[in-house]
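The following pair of complexes shares a single chain, subunit A, combined with subunit B in the former and subunit C in the latter.
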Partner chain A sequence: MILQLNDIRKEFKGRSNHSVLAVDDVSMQVEAGEFIVVNGASGSGKSTLLFTMGAMLPPTSGQVVCDGTDLYALSPSRRSKMRNLRIGFVFQTFNLISYLNSLENVAFPALLAGSSKKAAMQRAEDLLNRLGLGERLSHLPVELSVGERQRVAICRGLVNAPDILLADEPTGNMDPELTQETMELFRGINRQGQTIVMVTHNPELSETGNRHVLMEKGSIRAERIVSAEDKAL
Partner chain B sequence: MTSVFLKMIKARAWELSLTALIIAALIAAMSAQTSLSGYSEKRIHEYAHKIGGNILIIPAETDIRQFFGMRGDQELMPGGFPEKLLESPVGKKIQAIRAELFGQTRINNQPVPLIGTRLIRSGKQNLSIQSDQALIGKMAAEKLQVSAGDFIKISGPGKERTLEVNRILDKAPDGLDTGVFVDLGAARKILGKPDGLGAMRVSGCWCDTDISGLAADIEKNLPGTRALTVKGVISAQKDMIDTVAQYSSLINILGGLFIALIVGLSIYSQTRGQLKNIALLLVVGARPWMIAGLFVCLAALIGLAGAILGWILGVAVTPGISELLLGETIPAAGTNLGWVVFSGVLLSAAAALWPALAASRCHPADIFRKV
Partner chain C sequence: MRSILWMTYRELSVRKASFIIGLTMCGLLISMFVSIEWSLRSRGNRVQGDIDQMGPGIVVVPPDKSIADLRQFDLGSRYFGTRELVDPLIARLSPHTRAVDVRLSVRIPTKDGKLPVVGIDPARVVSPHETLRQLGKNEVAIGRELGRRLDKQSGDVIRIAGSEFSVKTILPPAGDLSDLAAFMPVSRLQAVTGKIGKANVIRIFPESGRDFAEIRELLTDYGSRLHAVAIDRGEIAETRIPQTLASHRYAVYVLLGVFLSFSMAIWTYLDSAQRLIELATVAAVGCSPAGLVGLLVGRSAVVGAGGALLGVALIGGSKWITEGAFPGSITDLSDLLATALCGAVFFSVAGAVPVALNMSVRNYVGFLQN
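== the complex of A and B ==
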């Protein structure tokens, strides 16, 4: 098991002191090699759950356990280190650092993990080449197309060979063709053994992974294993 | 992290340069102020030395700085004051009075200060001046290219006079190496001031005398004059130094606080403007201390650039400012580059601590939700 969520509850306090319950008592386990697609309407709490899972947003109560360690019991510094080494992220808006080129954006987490500059650059270059961006190494994010930016972001998420890759609406800004292309990419990465948890509001993508979780009003409404037959349908 | 740091600087170069320039301007102003204060203190020391064991009597309106600098149009007191002083109750305490008249003249078309007196002291010698002779300070002689036995034509607001150079003074009295000394009567004619006196140097044996009391008595007997003693100057010096030190400390503290405020606001603005990048750096594994360190280093760099630039600017503008305020060109002094840089860097880094730490403690997800 890669990650375990125990009774996660996340409440946001608004300015007028009204609180909003974004995630309500969610428990789940993520096994190695899984490709989980978390689906739900806007405001269902799926992104909040993903951020909490990724040690980015402390829950109001509950635990996120990775390798026997409660992530939120760690100091901010050790939590950052854990994120760096074991968790990869892909965002809807890519979130690339605007003044770093593709190669530097991808290599950066590896450098933070302690790799030498040469090794980090080599690993970044290999990944970018694998995802067809060999010609775009020195391009800044603004010089890349939407699809290319997302691929750079995926490479960055994978550069430290994380235990789990978390993707938040990775195709949210894409047209159907590019969405299909990106999903193919995710499936390919998953086939190579990478554990992925992807959040999407697009119900058509719910069959992409091998487990589908449907969220509603902060809770898991339904959960099912996606069979090969489902995918064929 | 270094490449992120360097690229962050490049991306925000204008904003950072502007902050460094503001700091530089403040440091330059503080540096000029320190130089001017230091110079004023030094000047008062010099005045005290020039007065020596004498009491210097001058018209009350006389500007001391102009008097010792032999500049400007001199205030005058009545020419009969030496006799009046000797006849007064304090006269018995006085051994000698050297009456003087100062003024600006031209010799060989060059400006030269003229000192009219009857007796001068050069080194250990007392030298009397004849009415048709002139004694010249060493620097003035070099400037005018004259030597003993030459004749010089002195032009002033009054009559032009030609006098013989009797002697070149290796050690002119009161450090007036650039001056020409002539008989008081001749000076009055050249300067067109038939009755005036610019100063009187009064000497005597005052071992058992209350000098301050004597000076006060002299002022009482010679209305409209000021009697300066070394003690009085030292006391004025102490008061002035205390006042200057008080204001300098206040100015430096306020300047330092203002620099801290500017740097703090600049770093705060940087962190607000880069919230998304900060969140992103944290997501991909940057430790919070690295984020805080990034902005503290940035502030230190701004402080370093501002301090060096400010010090250079201070050296460049101090002569101009002193000319404007004091009428004298003085070089920048009293501010050590190492100390300015150390203070600038330390202050800037300290000022950045709060916004840098606040930025490093943010929760990435909160930022992504808001930005």
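== the complex of A and C ==
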């Protein structure tokens, strides 16, 4: 098991003292090699859940356990280290660092992890080549197409060979053709053994992974294993 | 740490606009500091120069002689050789002194008794009497008391050691040795007395803040050949005035430092606020809170250092263009550059730290989700 969520509850308190319950008592396990697609309408709490899984958003109550360690019992510094080494993250808007080129954007988490510059750059270059960006190594984000930026962001998420790759609406800003291309990329990465949890509001993508979780009003409404037949349909 | 330095370098080399804004702001503040500092140094030198008119801080006489002997113009027959002692000693003292005034003080027999005569170097003499700096080869200046005793006036002729000299002026009463002596160019006195290349009094005017022990330390190599004596010019001259000048300088330093810190805090805040998503991403991919602080503070330190270089170059360059030279020596300039550099980095970091600490503990998830 890669990650275990125990009774996660997340409540946001606004300035006007109104509170919003974003995630309500969610428990789930992520097994090695799984590709979980979390689906739900806007405001269903799926992104909040993903950020909580990613050691970025402490839950109001409950535990996120990774390799026997409660992530939120760790100091901020150790939690950052855990996030750097064990968890990869792909954002909806890619969030590439504007002043770093593709190679440097991908290598940055590896440098943070303490890799030598040479090793980090080599690993980044290998990943970018694998995802077909060998010709774009020295390009800044503004010089890349949307699909290329997304692939750079995926490479960045994978550079430290994390236990789990979390993707928040990775196709949210894409046309159907690019969406299919990106999903194929995720499936390919998953086939090579990478555990993935992806959040999307697009119901058409619910069959992409091998487990589908449907969220509604902060809770898991339905959960099912996606069979090969489902995918064929 | 390595990755943070690398990020800082990459960011500053690509995101030039923000860097240039910070650099310009810091450079202008540092140039203001440099201008004020030069004015304060100039004022300090003028005040110190006025204090020096009272007399030297240290007097060096032959080893077996004292200040009492100097006051009686009785320095005996031992002299300092200009080449073997005086010139090397001046070279050694020059970084620590404002002036060194070398003299030959002798008593020359005349029909009226022994005449105290002091040879001075008109180009280097430190004295309230401006006339001493204008003495010609065959001219003497005579102290008021000596003039009265010899019944001499300006324009009279006086015979000293077989040579005739014109009395250029009768010095106004100063209440010290100059009232009792005749002054002439040292080279002329050496010639008429046969003491070529000899001196027996070295008046040392230490830089403000240098005490006797420091100067004496520099004289230890010459220990057996001279006797250095500290002259007490009074508490106001030795302590209070230098302290007042120093406290004014520190007040200006602190004021400018606070202003620089405040400006850098604003720059760091505005710059960080513009790129919250970027900082959020850096945090999300595993940069620790301390790493984020390092990133923001590192940028501020680089801007501070760059601003210091720019500020000194701006004012130094403009002085060079308008006046053809830097005010003060190269030592002064390097000293000023070091002060500006250290101060700018310190206050830039001090200004950035609170903002960076605040940024490092922010919850960035909201920015990432949106």
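Rule of thumb we're sticking to: the second predicted complex is superposed on the first by the 233 of 233 C-alpha atoms of A that agree within 3 Å, B and C clash if a C-alpha of one lies under 4 Å from a C-alpha of the other, contacts with A are read in each partner's own complex, and residues count from 1 in each chain.
We take it that a residue touches a chain if its C-beta (ideal position, glycine included) is under 8 Å from a C-beta of that chain, and two chains touch if they have at least 3 such contacts.
Everything quoted here is computed from the prediction, not taken from an experiment.
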| Do subunit B and subunit C fit side by side on subunit A after the overlay, or clash? | clash
| task | Figure out whether A:80 sits in contact with subunit B (first) or subunit C (second), or with both, or with neither. | result | both
| task | In the overlay, answer first, second, both or neither for which of subunit B and subunit C A:89 touches. | result | both
| said: Quick check on the superposed pair: does A:226 touch subunit B, subunit C, both, or neither? Answer first, second, both or neither. | reply: neither
| said: Going by the contact rule set out at the top, does A:56 touch subunit B (first), subunit C (second), both, or neither? | reply: both
| query | After the overlay on chain A, which stretch of subunit C ends up in the same space as subunit B: 93-101, 111-119, 129-137 or 201-209? | reply | 129-137
| remark: subunit A residues contacting subunit B in one complex and subunit C in the other 48, 51, 54, 56-57, 76-77, 80-81, 83-85, 89, 91, 95, 97-100, 104, 108-109, 111-113, 156, 160
| request: State the interface residues of subunit B toward subunit A in the complex, per the touch definition above. | output: 1, 3-4, 7-8, 10-11, 276-277, 280-290, 361, 363-366, 368
| query | Given the complex with subunit C, which residues does subunit A contribute to the contact? | reply | 47-48, 51, 54, 56-57, 76-77, 80-81, 83-85, 89, 91, 93, 95-100, 104, 108-109, 111-113, 117, 140, 156, 160, 168
| note | subunit A partner, complex, touching residues on subunit C are 2-3, 6-7, 10-11, 13-15, 277-278, 280-291, 361, 363-365, 368-369
| Where on subunit A is subunit B touching in the complex? | 48, 51-52, 54, 56-58, 76-77, 80-81, 83-85, 89, 91, 95, 97-100, 104, 108-109, 111-113, 156, 160
